[in-house]
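See below for the structure under consideration.
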Amino acid sequence: MPLKPNIPDPKSEARRVGFALVGIGKLTAEELIPAARTSEDAYVAALVTGEEDKGEAFARAFDLTEEDVFTYDEFEKLADREDVEAVYIVLPNSLHREYVERAAKMGKHVLCEKPLGVNADDAQAMVDACQKAGVKLMTAYRCQYTPHHWAAREAVQSGKLGDVKVLDSVHVQVEDDPTVWRLKMDYAGGGPLPDIGIYSLNILRFVLGQEPEWVFAHQHQPKGDPRFKEVEESLSFMLGFPDGVMANALTSYDAFKTTTLRVMGNKGSLLMDPAFPYQGVKLTISDEEGETSPTFAPYDQFGLEFDHFAQCIRQDREPWTPGEEGVQDHVIMDAIYESARTGQVVKLPKPRKKLDAFRGAKPRLPGKK
Amino acid sequence: MPLKPNIPDPKSEARRVGFALVGIGKLTAEELIPAARTSEDAYVAALVTGEEDKGEAFARAFDLTEEDVFTYDEFEKLADREDVEAVYIVLPNSLHREYVERAAKMGKHVLCEKPLGVNADDAQAMVDACQKAGVKLMTAYRCQYTPHHWAAREAVQSGKLGDVKVLDSVHVQVEDDPTVWRLKMDYAGGGPLPDIGIYSLNILRFVLGQEPEWVFAHQHQPKGDPRFKEVEESLSFMLGFPDGVMANALTSYDAFKTTTLRVMGNKGSLLMDPAFPYQGVKLTISDEEGETSPTFAPYDQFGLEFDHFAQCIRQDREPWTPGEEGVQDHVIMDAIYESARTGQVVKLPKPRKKLDAFRGAKPRLPGKK
Amino acid sequence: MPLKPNIPDPKSEARRVGFALVGIGKLTAEELIPAARTSEDAYVAALVTGEEDKGEAFARAFDLTEEDVFTYDEFEKLADREDVEAVYIVLPNSLHREYVERAAKMGKHVLCEKPLGVNADDAQAMVDACQKAGVKLMTAYRCQYTPHHWAAREAVQSGKLGDVKVLDSVHVQVEDDPTVWRLKMDYAGGGPLPDIGIYSLNILRFVLGQEPEWVFAHQHQPKGDPRFKEVEESLSFMLGFPDGVMANALTSYDAFKTTTLRVMGNKGSLLMDPAFPYQGVKLTISDEEGETSPTFAPYDQFGLEFDHFAQCIRQDREPWTPGEEGVQDHVIMDAIYESARTGQVVKLPKPRKKLDAFRGAKPRLPGKK
Amino acid sequence: MPLKPNIPDPKSEARRVGFALVGIGKLTAEELIPAARTSEDAYVAALVTGEEDKGEAFARAFDLTEEDVFTYDEFEKLADREDVEAVYIVLPNSLHREYVERAAKMGKHVLCEKPLGVNADDAQAMVDACQKAGVKLMTAYRCQYTPHHWAAREAVQSGKLGDVKVLDSVHVQVEDDPTVWRLKMDYAGGGPLPDIGIYSLNILRFVLGQEPEWVFAHQHQPKGDPRFKEVEESLSFMLGFPDGVMANALTSYDAFKTTTLRVMGNKGSLLMDPAFPYQGVKLTISDEEGETSPTFAPYDQFGLEFDHFAQCIRQDREPWTPGEEGVQDHVIMDAIYESARTGQVVKLPKPRKKLDAFRGAKPRLPGKK
């Protein structure tokens, strides 16, 4: 009787979409490369890094050759690599635009880490560049691709919670190291808001399918803390959605790791706690009947992202979270910062249409457990 | 071998403080009278009600005689009842002031349900009346008397959570019946804010021991819903505390019952969920070491209130939550409503001193389980 | 606008069934009397106690007169009290039989605390006495009357869990006082088994609706501990049900309070934890879809018992847990003790019919929340 | 400012211990190889498989060359591979002995999956072979190497729970496929007991540090189910430990996935639920003060195993779970099956000494989070 190994039998690389990963940091090493290995639709075809030695070590470790490693200066050499159909930008925020534009010029599709840029104008320029070049642009909002977050959205939009009235989200953590680029305004474009607060903002919009009409915000930037010379330490924001629906959110770089989402309707409520980890998201839906926590077959959030974008490329569809979705969060974050600066409510422009105004083709979700 | 019954052996009534309960509603019937029965320091000596029949039925049911039942018109007859040393006002908010003043005139100490009045001026008048009459006034903030809420405060103030940065609280529920007095501005002085949102406000202040410096708020009052002709349906408010600490809160009369408090510091966090029920409060403290949920011997929140006020009377001490504490919540709620009306941040007056500015003698907590 | 008190408006006493409570201990004072006060179908009409003073204090406290208090010697005087239609026996186990028989002779229906007697013969004699006298006998198994335990039973019997294969239950607590009657063999008939282990045994049988075919047990009775001179400290038992279904159970008087039930089928499982408290029972049902915890409107377990027995008396039906149900637990506990003594598996007699062999009319459950 | 990638910088391979993985199934592919990649003390130097194609595919995928892949027939060629200091046997149970003996003859140290063999004699032969050859043998009991299980053991052995009285463990799951080798007696040596019930047995022994004195067991093997023609479907066992401590356990191949451990002492209790998953073990310790759930920095259970065995090799120490530990579980499982067959209690031989009778050098635990 033979052993029965359960090794994934991926599509041949010819049918899968080859990605160049641009930037080799912790996220690339610990999440993206492992995720790509198990993707049915994508694979890592090349690495782009500033440190050639590290790139080669990675290549050896992850089954690539030295020919697959490029320095930032050699980025344009990817143009000749037909197997590289897309790039995944995993660089500091302020570099996104440059590399998105360079990739678009080469005709490569682009998956770009969140936040899309450093402000709305910056992000819009990326959308424009990709549109002009006829390549697809997707903002890497992993939480819009998981069965847990879709189940939350379904609970909201199906009416299971009744009419939604108020929402609440927290995403805070401690950033200890004053030297990281995330604390430099030129690199990051802001503090915790564009890095982690953006999850609250993005998922509040996602579960409602609607856009806020106004914001109010207040931020705190303590004097004398070397970490917060340039960016805010903590920020609280309030969002006004259509029909009087209100949402509160908190983000901070100096508070014990907490990630939650709570949606309260007049028939029931839902809680995600934790709401945004790579693994271990927990959803609980409560109503008069009791509490329910759905479970799903194990999934890799980054693998689901890779799969969706690769499928959109193969099937020529607009991604669920295209560049426009990334721009819209920047429009709102710009308004949040303006409100924090002026102490005034800031009105937001009306979006084009009612639901999911900035989103594309729905992703295919993995099956139930 | 005898059976061992475990019947409380209360102090003789001579040593306990006799209360007249003013107003016989659900709270009086289901919570206050049972609580008083097990109190070591207090007992129910009289009932005041508008419906004499009901009062007499209650008297029969709860071990009093017809002589112990008074109509509202007969309220002043309590002056001759030496056994009635205190009154507990359990009437619609707008009637608090009248009955507090009438009680003070008779020289009776007053325990008054929250909110103390319908606005800060109204509440301050009660404080003044009691001061002038030389009687004690306590605002019935039950959550400031439980071991759970004190353990939360201790976690905050001991530094166990590190420096507190952001806080969050929710108190929402569905009010179905458009005819209740709680939805009439003249009786209630507001909607969910003074009824249930006040818990968030009050406990945020209690765990920090500090006072907010400014507020921002937004409210929703839907057109066409007969319940919300006079008062708000939902209200979101943001509080700015000293040193840049920020707190968000949500309250609503049309959202599935939820009561939470979350405090996040840079070393740890705490969650109360549910935070404000009569029974079943759950506290969880999290830090790098893990999660801890303290348990306590069973207690009756209303019994603890009765005990504290009775002890303050016997020992001539200021209650932990005197009238001033109730006034301060009104000052802030007035500012919240002003902000909601004007769309502007509203600054609050600086309180007199640093910690627990409006509080009196610390209550004695029940022992560990 | 009038206040809207929410006082229960019980049926007139004429239609309710009057009970005499026999034995005034902690259970009577803290649970039974409060429960009876809110029952729609029952009320306390008399008290029987060994200590006349205490009885009279209780009478005063609970709205009865001195005429409603009887000593054990005066028990037969209840015969003349037409308003006393039933007695509730809350005495040490070894006294149950005497008082059941004396009550039956007077033509009073009997609700008797668990365990019904001190062994199967003792319990059977009670059944026989009541049958002969034409009065009803109900064993007070409160957990067979709650919506939580019925929801567990429904999950098992509806096939929601698939075929049930294995079950597990724990009921342990610390008994500190070596002088209590529960530790005396003559009064109690055993140690933790008939007092708390009986919950595991009884609820395992209840959720399955079936009877065990064999038992194996092992007990521990430490030398030198004054508490366990006469009865076991801890006891483990295994039950074999039809179709190979197996259940494990643990009971102890020297282990930290734990009460659980776990039922595992091939499609899902359920957990009750805690399983047997007066308040706060929690049920969680798990399957491939996730976890569900039903909630129910608040209920009083003892009130539900009172109601059921009173309804059975009014409608002349057999109670859901008649004397026979109590006898059957004794038959099994006798076998458990025999197994513990001999170290051998003990076979049990086949019951008369398939499901719910020893049970009567289904109780009416309170509504959903 | 450079990116700060956080790539592990492992010891050079010269200092790490090279392992040959023998058998390429799901465990090897999904757990062992990823674990070895992040180990500081071990690495995968070779693969042994029956299917050369698969081996080569794996080699390519995991950074090895074709020269690193061996068929079972070529196993002895590892003798010449000095970089292969140890083998990890991941074969069906009945093949463990042959490969352990062949490895020992080559002078390779052996890490062997649980159960060590198919019965006590089989397992003892492996211990003897390794002893004779002067190589180390470790049984791969991953749960004896995690911070969670050590925290549970510490709670038990430190007296935090008081005197432990009763324990309870469940490990059940559904095995759907009638063709797997785990359901064939010749390959597996039993059913769920040696595969998953062994976790309960092993961890009960581990947390107590003591050995059972007797066992009782009952098993169910349904007629007509093609899965259970050779092995039991479900098995319940009871263990008697010194001083009257009793433990119950359930195992099954036809019950919804459940893995728990509960330990109850007279001062507190602990619950692990789930107790045995690769990830997400949860420990809760309860006592009069409340509940505490410790958290730990993320760890890889298989990585901890690799590390410990590699360290034992480098430092010439006896592993914490040597072959003897694996034999002892077989001695007890043999007795469990004998009890299930005979229906009698089976006494076990007294172990050599008091605590941790079959264990070696304590493992180094990873730090707190």
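Each chain carries a letter (A, B, C and D) given by its place in the written order, and its residues are counted from 1.
The definition used in the following text is that a contact is a pair of C-beta atoms (placed from the backbone, for glycine too) under 8 Å apart; a residue touches a chain by one contact, two chains touch by 3 or more.
Just so it is clear, the model here is predicted, and its values are computed rather than measured.
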Comparison of A-D and B-D (more C-beta pairs in contact): A-D
Identity of the chain that, by mean CA position, is farthest from chain D: B
Whole-Å separation of chain centres (CA-atom averages), chain A against chain B: 43
Distance from the mean Cα position of chain D to that of chain A, given in whole angstrom: 39
Distance from chain D to chain B - Cα centre to Cα centre, in angstrom: 56
Touching two or more other chains - residue numbers and ranges from chain B: none
In the complex, chain C residues that touch chain B: 1-7, 23-26, 28-30, 34, 50-51, 54, 57-58, 60-63, 91-92, 179-181, 184, 187, 279-280
Complex interface listing, chain B residues touching chain D: 288-295, 368-369
Sites on chain A touched by chain B in the complex: 161-163, 165-166, 168, 170, 172, 174, 216, 218, 220-222, 233-234, 236, 238, 240, 244-246, 248-250, 252, 254-256, 258, 260, 262, 264-269, 286-287, 343-345
